[in-house]
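A quick write-up on the structure given underneath.
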């Protein structure tokens, strides 16, 4: 593990921590604009975090250690995830520590903890949220893995670094399998990041909410960590998507100039992705919670289809 | 040995078969017992003939045993039984008589065919006797099946024994003495036990109708 | 002094002396003593055979070879343990008023005579005497079955008498035919029915006659073995007679009958040099096993149920002997031994259980473990053993039988699998609630004799894990002898 | 470790010692203290010793011995090779934890006297060990049935309760029928030689038809024990019925012996499997896994839930097994080794975490006398030991990193990702579908585990009496801690474990995973190549912990650590009761809705006018309705027909013998 490696790794972490909330802010801005509202500033998420951190954290009497532990675990899981995904460079010391499957596992772990924490206090909404979260998760996770499998069958590897580098090196060609996978991935990431049409991050209408119900009891620094983790998650998913479907511009091993170049490219890609997300959220309507399984099942089937298409057409 | 003896044995054989048929069709128990005694007589007569014709002395003993047992002793016991138990008739047989006759004839044909290949090997004087013996056995079997009272069943059982003895004496010149003695003993004891039984059954069900003996079954 | 003579003399004397002694309180003990003496004689005889090898006696009228020596020992042993068991059992029956002193007298003397007839049937070399002994065994047991004088027991005894009498008559015809075939080779002397001689010349016997003769013998003795559809007397007789008699019927008489069948089979096979006899036995065995299994699943009377299980196991043995070959025969003999040990043990336990409950209806017997754990465990373990659970010997033989069948008659194995499965379900489903759960039972006036149960089960266990070399050697020789 | 090390003797000694302990227990049937405080800990110690011997024997060559018992000409052959050594290690490690726990668990009021239970328990342990050692068909069957028998008596420990009797009956029946299947399988394997030693079976080369028959018989026989569809029905009945340590042992170890048997027969005795066997195993395994997961999600009895989850895990194991067969049949030993490693590893993992979870339920059961999830809750605060150890088990059971459960799933998925190389196009198409199924199953497992843990340990207690629930005692904690440590270590250091396990795979396939170099370096697991795929739980864990610590410190430094306790917010709804939390039914509801066709549900819905409205859903296993009831009915009908043979009329009986005689005479004449 050389110096560049460590450097790249740390930059990745910092970039994630910074760009994550910014991306959230960016999406919120665009949603506002698309809905003819005056938008909050781009840095609004940071202000919120700062505010929350200063607030004292109010906790239910029954809340147990698990409840207090969960935000930290979730946060670190998300940070770890976004350090694993090759955002700027494929030369990450941590890359061998976890491949795509492990990445999915990491997300699942976070989900487990947040759901348990939500059930810990023992309120009606908490357990409701946990149940819905797990429902979304157990359908989204396989779909995500199917997408990953497609990519790794194409590149004969599950290690993200290898996937990205080999994908980025192939001449630009439309792979039908990847097209399917792309759609599936989009649906999954909408669901996983609690966006419309599955969930509405801005809602506080109890009966429809998923993510908000999970964190309903949280406040102060714990809430801050969870929010930050949420935006990190969005960031991680976006980067994963970009890495899988638009891998160009990610720096190769020990290539300072490319590394320098990679940042703006990433920001540009994220900006575009954010706008797309905002558009999707604006034009779609939130669906009933019981429709969600169908939505995700579709994603899952698309993922399987992508695999089959790849095996069928060898492309 | 003389053809006369052969004819004699065949005659007795025929008599036994006839008697078997007669027992099959006979309803009155008393007559049944008489027929049984007659069959025993024919059996012992044929045994004597064989003994005389082949000069096998131990057959005389077996004839004597047969006579005392099956002509005198058992019929007497049976007589006393039915007098004590006052059973006269065995009214309904399970199948009507003509059908039984037909079945019986079929059986006879069957057993003759069965015995035919064997009797070639017989050094014995009368070739057909084995078939007849077999026929007697099967006929008494049929009789046991079709009788609905205890005593006739017993008689059927005994006449089956007759058929066996006839096979033993005429087809093969009698079994070894010790065996015959054993068999005779068994028959006697069996008879006694049966007698005891009939009394017990009677005092249990105050009738000898074996329809009472159909309680134990899979339901 | 010849152990064989003692072996036969003791029970005979015992029968008459017990009758002569009349109605005494000590009769059970005397009975047990005679049985013990018989057992000792059998042990002595066995010891002789071990040291000197097969023996014949009394102008070859009697003989002891590997095939029957262990059966003799087994018979004497089980007869002895059963006598031990019947001491408290019969006393309790008398307390419950089902037995009168007069009947006890009959019971004891007949018990001894029955032992005698079985030993005679086992040791005689003369097929005719064999028949006589079998008939005598029937007669004695008829009296034993009807000893309660109830309507049911009378009916059972009557059916037993008629069916077995007729069956045995067929066997006599078979014997006559056998003699008929034999005297053409051996001449018309007394030794034309001696098995040893017949065995020497079996290849010269006339096939046409032998096939007929074997059919009669099979139907005849098969009736006593309890082969379906000749079995109908068996469950009644087992269920209605006193339990010690059920034990010896299942444990010993069926064995002796099967023993005579296989003696005849050896001759028939030799004469026919075809698999006719074997196939016929396999057919009977398979049918019996299957039918018995399905009968089992609808029983309500406990003794009746285990009677059917005896039919099932007899069928299995018949199937094994029908297959023939060293392994199958070995398995058959082993199964004979273990079955009679375990099944009699089960009947001992069942007897006490039924006495405690005052009924043989299984729904009314509950929770044996609570009132008397040893009876309960005895019944449970015995049942599991008879169901072919290792490490008991029954499993060992079933293991050999099934695997042999699998490679020689694969078509039969699904049927066996079905039969064993159904039997297992049927019996366990009934026995489990009898042993486990809450109880409905009462105490007994006399301490039940459980030593026999556990001795038998212990032996059954031993035979599953370790077969003494002598026994193994006998089995193997006998298996060779059966071809 | 050199092969001269007498590992086999040691193992046999341990087995003997277990028997001895059992006898010692029966010698003093009523003294609970002696049994609990001396015998059970002792046997736990023996378990560790056993594991030690096994691990020592793993790398070495096979050792064999002949015991002086058995049939003449067929004494017990015992053999200790890498495969049996591996499973013995599993037995020893899991068994140690369970035994020490059992020492604290068994009480006087269990129904069976403690001494007797001690006997049954140790015969069970010894039986399992003998199964793994057996080297001939007879020894195998005897030990196999001994195991079944002992566990049957353990299941029926509390035999006053009729349900438990029924459960035991069902269990023993299916076990026995399966055993007969295995027996017939051996009958085929010995191929007319009459020699029942495994050595001989190895030497035989069966024609394809017979080999397939043997394989299917084995799949049937061992499947009955492993709980493969549709022979799984005994599991959800027997596990709740048995005392928890027994359930732990049955689910954790006994099921594995079935897998051992499958592997032994397929790879060792049969040698060269056909590819379609693999497909059969894959299909059955996946069906079982899905079925188990879905039904586990719908259960409301905690032990029943775990039983179904065991079914699911065994399904996954069988899937790995099938994958290994496929690779083996197409001559890809390296990949076969990968799949086989996944199988073995998952056996090990499941043994550890499922025992852990069952023991946890045991403590809960003793603390609350309650098995129904609907009456539990909030125990995390009452019984922290049990809860936190259970949490580790839950993470493992949900197959999440960095636990051990994830490692085996990771290996399995890696195996699936290599199926592109299969020559058979249909398989290439088929296998990804299976992969999707596996993924779905593991995701469902997560759902199930959240339900399990959340409903039992989190939230507010749903009953008043839960307030006086007490935490586990010392011995129990020891057992829980032991297994928890197992979960963590197996999860964090997979490379080391796999290098120990590798000889097992090598033995079966002639090709191990470590062939040519190591399975990654000590830190990073890379079964094929680092570019291809790599996983380092240790690094992940380290980084994650670092981040947690860092964040914790930073937040307190930069801001503050103040906390105020208040009543829960819950959107400001004032009057909340514990009954308002999700019940187990509620939590399972989405799954029930999605997989509705699988279930046979009976709903009792309240009417609008009920004064005391009740809502009740009962779920029954469709297999009952689909398979078992028809069989029962058929048997009933047939036995009724047979019953007509015996209508009591003596004339008819005579007619039977008459007809038989005549018919046979015809035959004889012909």
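Order of writing sets the chain letters: A, B, C and D. Residues in each chain are counted from 1.
The rule is simple: a contact is a pair of C-beta atoms (placed from the backbone, for glycine too) under 8 Å apart; a residue touches a chain by one contact, two chains touch by 3 or more.
None of the values given here were measured: they were computed from a predicted structure.
Q: If each hop has to land on a touching chain, what is the smallest number of hops from chain B to chain C?
A: 1
Q: What chain pair shows the greatest number of contacts?
A: A-D
Q: Between chain A and chain D, what distance separates the C-alpha centroids? Give it in angstrom.
A: So the centre of chain A lies 36 Å away from the centre of chain D.
Q: Please tell me the distance, in whole Å, between the geometric centres of chain A and chain B computed from their C-alpha atoms.
A: Taking the average C-alpha coordinate of chain A and of chain B, the gap between them is 101 Å.
Q: If you average the Cα atoms of chain B and of chain D to get two centres, how far apart are those centres in Å?
A: Centre-to-centre distance between chain B and chain D: 70 Å.
Q: Using mean C-alpha positions as chain centres, tell me how far chain A is from chain C in Å, no decimals.
A: Computed value for the inter-centroid distance: 78 Å.
Q: Among the residues of chain D, which are close enough to touch at least two other chains?
A: 643, 645-646, 650, 654, 661, 665, 669
Q: For chain B, write out the residues touching at least two other chains, lowest number first.
A: In chain B, 114, 117, 141, 144, 210, 213-216, 218 touch at least two other chains.
Q: Do you know which chain A residues sit against two or more other chains?
A: If we look for residues of chain A contacting two or more partner chains, we find none.
Q: If two chains touch, include that pair; go through all of them.
A: After working through each pair, the chains in contact turn out to be A-D, B-C, B-D, C-D.
Q: Can you list the residues on chain B that touch chain C in the complex?
A: Counting only chain B, the residues touching chain C are 56, 114, 117-118, 121-123, 130, 134, 137, 141, 144, 150, 153, 157, 160-161, 164, 167-168, 171-173, 175-179, 182-183, 185-186, 189-190, 193-194, 197, 200-201, 204-205, 210, 212-216, 218.
Q: State the interface residues of chain D toward chain C in the complex, per the touch definition above.
A: 68-72, 137-138, 141-142, 145-146, 149, 156, 159-160, 162, 165, 168-169, 172-173, 176-177, 180-181, 183-184, 186-188, 190-192, 194, 196, 635-636, 638-640, 642-643, 645-646, 650, 653-654, 656-657, 660-661, 664-665, 667-669
Q: Using the touch rule from the top, collect the residues of chain D that touch chain B in their complex.
A: Residue positions touching the partner: 643-651, 654-655, 658, 661-662, 665, 669.
Q: Under the definition above, what is the set of chain B residues touching chain D in their complex?
A: 94, 110, 113-114, 117, 138, 141-142, 144-148, 210, 213-219
Q: Any idea which chain D residues touch chain A in the complex?
A: Residue positions touching the partner: 377-378, 380-381, 391, 395, 398-401, 406, 410, 413-414, 416-417, 420, 428-429, 432-433, 435-436, 439-440, 443-444, 446-447, 449-451, 453-455, 458-460, 524, 526, 530-536, 539-540, 543-545, 547-548, 551-552, 555, 558-560, 562-571, 573, 576, 578, 580-582, 586-587, 589-590, 593-594.
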